[in-house]
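After this come two complexes, each holding chain A, first together with chain B and then together with chain C.
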Partner chain A sequence: MSGTHKLVFIGEPGAGKTTCIGALSDIETVRTDVGCTDGLADRKETTTVALDYGELDLGGAGRLLLYGLPGQSRFRFMFDVVRDGLLGVVVLVDAASGDALRGLNETLDTYADELRQLPCVLCLNKHPDPPLELRRACQDAMRAHELVAPLLAVDARRREDCVRIFELLFTLLQHGGYPYPEVDIACP
Partner chain B sequence: MPVNTPDRTRSAAALDRLLQGCDGVQAAMFALRDGRPFVEKSRTKVEGGKLAAMTSSLVALGKSVLRELKAGELDHVLIEGSTGKLVVSSVPDSGGLLILAVLASSDARLGLVLGHSKMCAQAVAAASQDGAARSA
Partner chain C sequence: MAAMFQPNRIFQVACHQFAPAEIEALRSLLKLLHDYLKRPWQVVDEPAHADVVLVNLDHPDPQPLDAAAVQIGCAQKPRLKRSDCIHRPLRAAEVLAVLSEAAMAGDDGSPAPRAETQEGTNAFRYRLRAWPLEFLHWPRESWPVLAAMTRCHASIKEISLRTGQSQADIERTLAMLKKMHLLDCLVERRALPRVDLHAMGGWRGLANRVGQLLGFAQ
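After this line comes the complex of A and B, so read on.
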């Protein structure tokens, strides 16, 4: 499990990707947020338009390179930028939002093809104990997109939760029949 | 905070002048900073929605790199390929709201494309200021 591994966080705008990477990173993060100019401005001031980047040192377990992608489907091309060498994908859901399922479905509509080829984990964020109905509905949404993934309730800002996600992705990579990342990320 | 969007007609007219006044310019677009198309003019088929998103990513990444390198404010991003070049710049005095993307053929003179792009952006910036002054 040692070495450098690349994780990408996706999810609807407001799911917590930027906050998560900002909280987890050991280095000053790269952020590319700008002021919203559409209806999203009612919910949040800024939105990511390229990527967030941070790094998390796991000690003996290696180092994680953390990438957060914009939530809007028009930025789908950014996945092509980060795809090489990915260990896996973290799908974040704002479980505190009344519209969590719509956001998840938009994310899955955009990224389902990618998610079928990579280990992925579905993480319900921003809620200490997401209701059972939401968990079931999220699993149903995954199945509807022909996807199977573990579902976790997390506080994506917590290092322990990120380590748990990483271990789960690594297990999926080892035992889930996924091809190992082709690109060897040679970082110190 | 409400967004003070520049006048679409005047922005379109500025793009027309750019396309007509600068040899080799194939397409030009004003995009909003969060990656949505505002106005576009093109001699060739361009996917405006995708180009708008990509240009906003380029500007944001360019600014991030310059910040990291402590290399000042972004003037423009230039991407040159074997058959074309793209110049992307922020429109001054628009509060970072607008981005101008100009696609030109490979034989277009870079200096001219940059100069005309700058004039186009300044024309829209001036129009925005006029509008703001009138509404004040």
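After this line comes the complex of A and C, so read on.
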């Protein structure tokens, strides 16, 4: 089996998309970061204004393209750009943010229809041990959007945590009854 | 909820968001079906205590139901709803079928595997309401079972085909999920398991390759 597959990381600014892709990509990641000029400047120096891109070379099994997309509804059109050949979606939440649920809810409001059709993993990033209240609230938010997905705490800087995300995604793909694509997608 | 075999146990059925007249109609149906049902049944008000809950899918303001019981969707036009749905107003033959199946499962404390092996009979099908928050502490072997019930409902036979795990192992995971009220259970009349072996093989090959590269076993 060979081909080109895609994986998308979605989340609010500062959720850890760029870091996650950087931890996994075989190539130097393509970034579209610019300096923050709004309230986000309090939390990080730069932010991604378009998308992040990285690749994982699967040898004879092709390539896995890694995309980081903003979770806000105004960037919804970018999902359609990467939809073909999409294996799954990783939703990242900045668990250290005081308003983590707001970002998650906006992402789910925007993408719930797509997420229900794809293997999806929800990751609470930037907090070593997210409080149970937050994890329950995230689970409730998923249930309110009829989304069933594993929820786990990660440190996106740690490769082993990123590997666990992959392990869960491929567990879902392998056993979840998802259709297998018949044709390869066009490579960028 | 399933329980160990108790020969004198009276099974309980509840109605969720049904009109009082429909609940009375069910009581009358149970009297009519008394001689045909192998085990006694009674209508109760509280879904949390029921073995089976009939859910009105036509209700204009559907409320979530947090019960571990087998849930049977009921609708005026079942074909427009989910595939396991039965008719509302309730029909005697359909009520007899779902209650008989539920009693068979409840007698031995497990879902009814015998029904799954017979073409055209009912099969219990399960889907997760949510992944357990502590799933990372569950046995790693349970993850594929959770995955098999994430996207859509699946019978034990389908889960077994998808995961390669034994029925006993799967039932252990189901029991844990039932205790946590994280399992949605339906009865569906269907003949054969829906498992796409071609897709499974494709994903397995890709998963193995990625697992080799990143260092996880699939």
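One rule holds for everything that comes next: the second predicted complex is superposed on the first by the 152 of 188 C-alpha atoms of A that agree within 3 Å, B and C clash if a C-alpha of one lies under 4 Å from a C-alpha of the other, contacts with A are read in each partner's own complex, and residues count from 1 in each chain.
Following the convention adopted for this analysis, a residue touches a chain if its C-beta (ideal position, glycine included) is under 8 Å from a C-beta of that chain, and two chains touch if they have at least 3 such contacts.
In this text, all values refer to a predicted model and were calculated from it rather than measured experimentally.
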Partner chain in contact with A:75 - chain B first, chain C second, else both or neither: first
More chain A residues in contact - chain B or chain C: C
First, second, both or neither for A:136, with chain B first and chain C second: second
Which superposed partner A:168 touches (first chain B, second chain C, both, neither): second
Those residues of chain A which chain B touches in one complex and chain C touches in the other: none
Parts of chain C lying in touch with chain A, wherever the complex brings them together: 127-131, 133, 135-136, 143-148, 150-152, 154, 162-163, 194-196, 198-207, 209-211, 213-216, 218
Residue ranges of chain B touching chain A (in the complex, touch as defined): 1, 3, 5, 32-36, 49-50, 52-54, 56-58, 60-61, 63-64, 68, 96-97
Interface residues, chain A side, partner chain C - complex: 1, 5, 24, 56, 58-61, 64, 119, 132, 135-136, 139, 142-143, 148-152, 163-164, 166-168, 170-180
Of chain A, residues touching chain B in the complex: 30-38, 40-41, 45, 47, 49-51, 70, 72, 74-75, 77-78
